[in-house]
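Right after this note come the structures.
Two complexes come next, and they have one chain in common, subunit A, joined by subunit B in the first and subunit C in the second.
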Partner chain A sequence: MSARAQRLLELADDELILGWRDSEWTGIAPTLEEDVAFSSIAQNEIGHARALYELAATELGTDADALAFDRQPDEYRCAQLVELRLMDWAHTIARRYLYEEADRVRLEALKAGDDAELAGLAAKIDREETYHRLHAEMWAGRLRDEPRFRSAIEELWPYALAVVDEGQRAELARRTGLSVDSTQTVQRGQHTPELAELWNEMTEVRRSAPGATW
Partner chain B sequence: MTAAAVWAALDEIPDPEIPVISLVDLGVVRDVAVDGAHVRIEFTPTFLGCPALEVMRRAMEEKVEALGGEPEVAVIQDDSWSTDRISPAGREKLREAGLAPPAPRAAGATTLVQLQSKAFRCPYCGSTETRLENIFGPTPCRSIRWCESCRQPFEQFKTI
Partner chain C sequence: MVFEVFRQEKKGQPFTHAGSVVAPDAAFADAWAREQYGRRGESEALWLVPRDAVHQVTEWADEFDLKYRRVDGYSIKERLRIARERAGTTPA
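Moving on, here comes the complex of A and B:
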């Protein structure tokens, strides 16, 4: 697989799996407004995943659904940050905030890159992510002095670093006011047991009738 | 068949989720090229997660087939669509339907301060005494605001 296809799958898998995790708040978020917000954010992230999978699928001679659902859990390239099942609001907001900051660093680099197709898509994704960032910043600002939120940020920071390339980590640290040196990055490539559980649920219908047209 | 005839046919397709406005008003049809019976339409999605995209695509194909053409709908996934592409007529139709049209895009990205400002007008009473209720709404393209003057919520098309 080309480096480009691998990169596209990293981006798409991050967005798909985070979209799944965010959708788990639908109906049980602390306020009705957050039910709406998390559902909408999840829908956007999965839409981004689909567009990225389509780019990869053209290159790999397959289709977006096959890439999203027909691989084995250990073939996914997502960062562990998006896999974690965090049924606690402080951790959920910490993850959203850290992910959006990391995604912004990554999208800015892609927009300026020499892959015109990916740069165009990154620019489109970035327009939508603006609203995710506003939501994350609003909550991060509100919870900033809460000890539970602070400790969730510290706990998730080593995971957040793996969302971006090594050369982008100093920039991510600068934007979040955190430090690269004091942490051990949880690298991509290994997965948590939570991913296999999510995969079981996510692919269940597809696996129940392989090849069916829905 | 002329490109003008195809444009006119596409202008009859309502947006699947906001049927007061057509796909042409929405600005998602970037180009129409007619070569004999072959009709190539360049289509730019609004929001990437919008479930209406497939419906729009099929509706465009059906319109071209009804004209006797062979449609090819090319989906262009770059950032050439923005809410600034919604036509003035489309903006007015949105407002009449109670959906506040998007603010023009500023030079930079939208900020919380802008969303919390009073630059947004209630589509029902015209008041600018409105406040942000939720950045997100019933579809990816909408936010929810509250009008202090006529005391009711309304939907605001997000600027992207």
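Moving on, here comes the complex of A and C:
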């Protein structure tokens, strides 16, 4: 597999798995208004994953659904940050905030990159991310002084660093006011058992009728 | 806090009341109203007004029954019929 296809799968897997995790809040978010907003953001992320899978699929001679659902859990290239099953709102918002900051650094680099097709898609995704950032910053601002939120940020920070390339980590630390040195980055390539559990549920319907046309 | 949401569908049109959002402050009201009243491109602009900022008027004094000031004080239908008959323009 080319480096480009691997890169596209990293991006797409991050967006798909985070979209999937965030959609677990549909129906149980803290308020009705937030439920609508959070579910919509989760759907957007899955939409971004679809567009990225399609780019990868053209190169790999397959289709977006096959890439999203027909690989084994250990073939997914997402960062561990997005696969963690977070059971409280403070952690969920801490992840959204850290992911949005990391994604922004990453998208800016992609938009300025040599790959015109990917740069164009990154610009399109970035326009939709404006709302996600507004949402994440608003929540982070509100919870900033809450001890539960502070400790969630510290706990998830080593995971967030792996979302971006090594060369982008100092910039991510500068933007979030956190430090690169004090932590051990949880690198991509390894997965938690939580990804396999998520995968089981996510692919269950598709696996129930292999080869079906939906 | 309750924020009343007014929606403008197209540029130049008046804002009409669309509903409300419950939010802790204006920033949250902004983010949540965008999702509920604008994500499908159905709004040109929104006005978010804290319900407390709305001065409501519901009391109307009419102690002397000044019917002639009200639109329902007149029955114009009968007079119109007579006037039309006189002018010979009764509609078919």
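Points worth noting:
We take it that the second predicted complex is superposed on the first by the 214 of 214 C-alpha atoms of A that agree within 3 Å, B and C clash if a C-alpha of one lies under 4 Å from a C-alpha of the other, contacts with A are read in each partner's own complex, and residues count from 1 in each chain.
Just so it is clear, a residue touches a chain if its C-beta (ideal position, glycine included) is under 8 Å from a C-beta of that chain, and two chains touch if they have at least 3 such contacts.
Remember, it's a predicted structure, so these values are computed and weren't measured experimentally.
Clashing of subunit B with subunit C is the outcome of superposition onto subunit A. In the superposition on chain A, A:142 contacts subunit C only, with no contact to subunit B. In the overlay built on the shared chain, the residue A:72 is in contact with neither subunit B nor subunit C. By the touch criterion defined above, A:45 lies against subunit B but remains apart from subunit C after alignment on the C-alpha atoms of chain A. By the touch criterion stated above, A:128 is placed in contact with subunit B alone, subunit C being left untouched. In the superposed model, more residues of subunit A are touched by B than by the other of subunit B and subunit C. Contacts of A:33 after superposition: both subunit B and subunit C are touched.
Shared contact residues of subunit A with subunit B and subunit C: 33, 36-37, 40, 131, 134-135, 138.
Here subunit C touches subunit A in the complex through residues 21-24, 27-28, 30-32, 34-36, 39, going by the rule given at the top. Within the complex formed with subunit B, the subunit A residues making contact are 33, 36-37, 39-41, 43-48, 50-51, 54-55, 117, 120-121, 123-128, 130-131, 134-135, 137-138. Contacts from subunit A toward subunit C in the complex involve residues 31-34, 36-37, 40, 131, 134-135, 138, 141-142. By the touch criterion given at the top, residues 47-50, 77-82, 109-112, 115, 133-140, 144, 158, 160 of subunit B touch subunit A in their complex.
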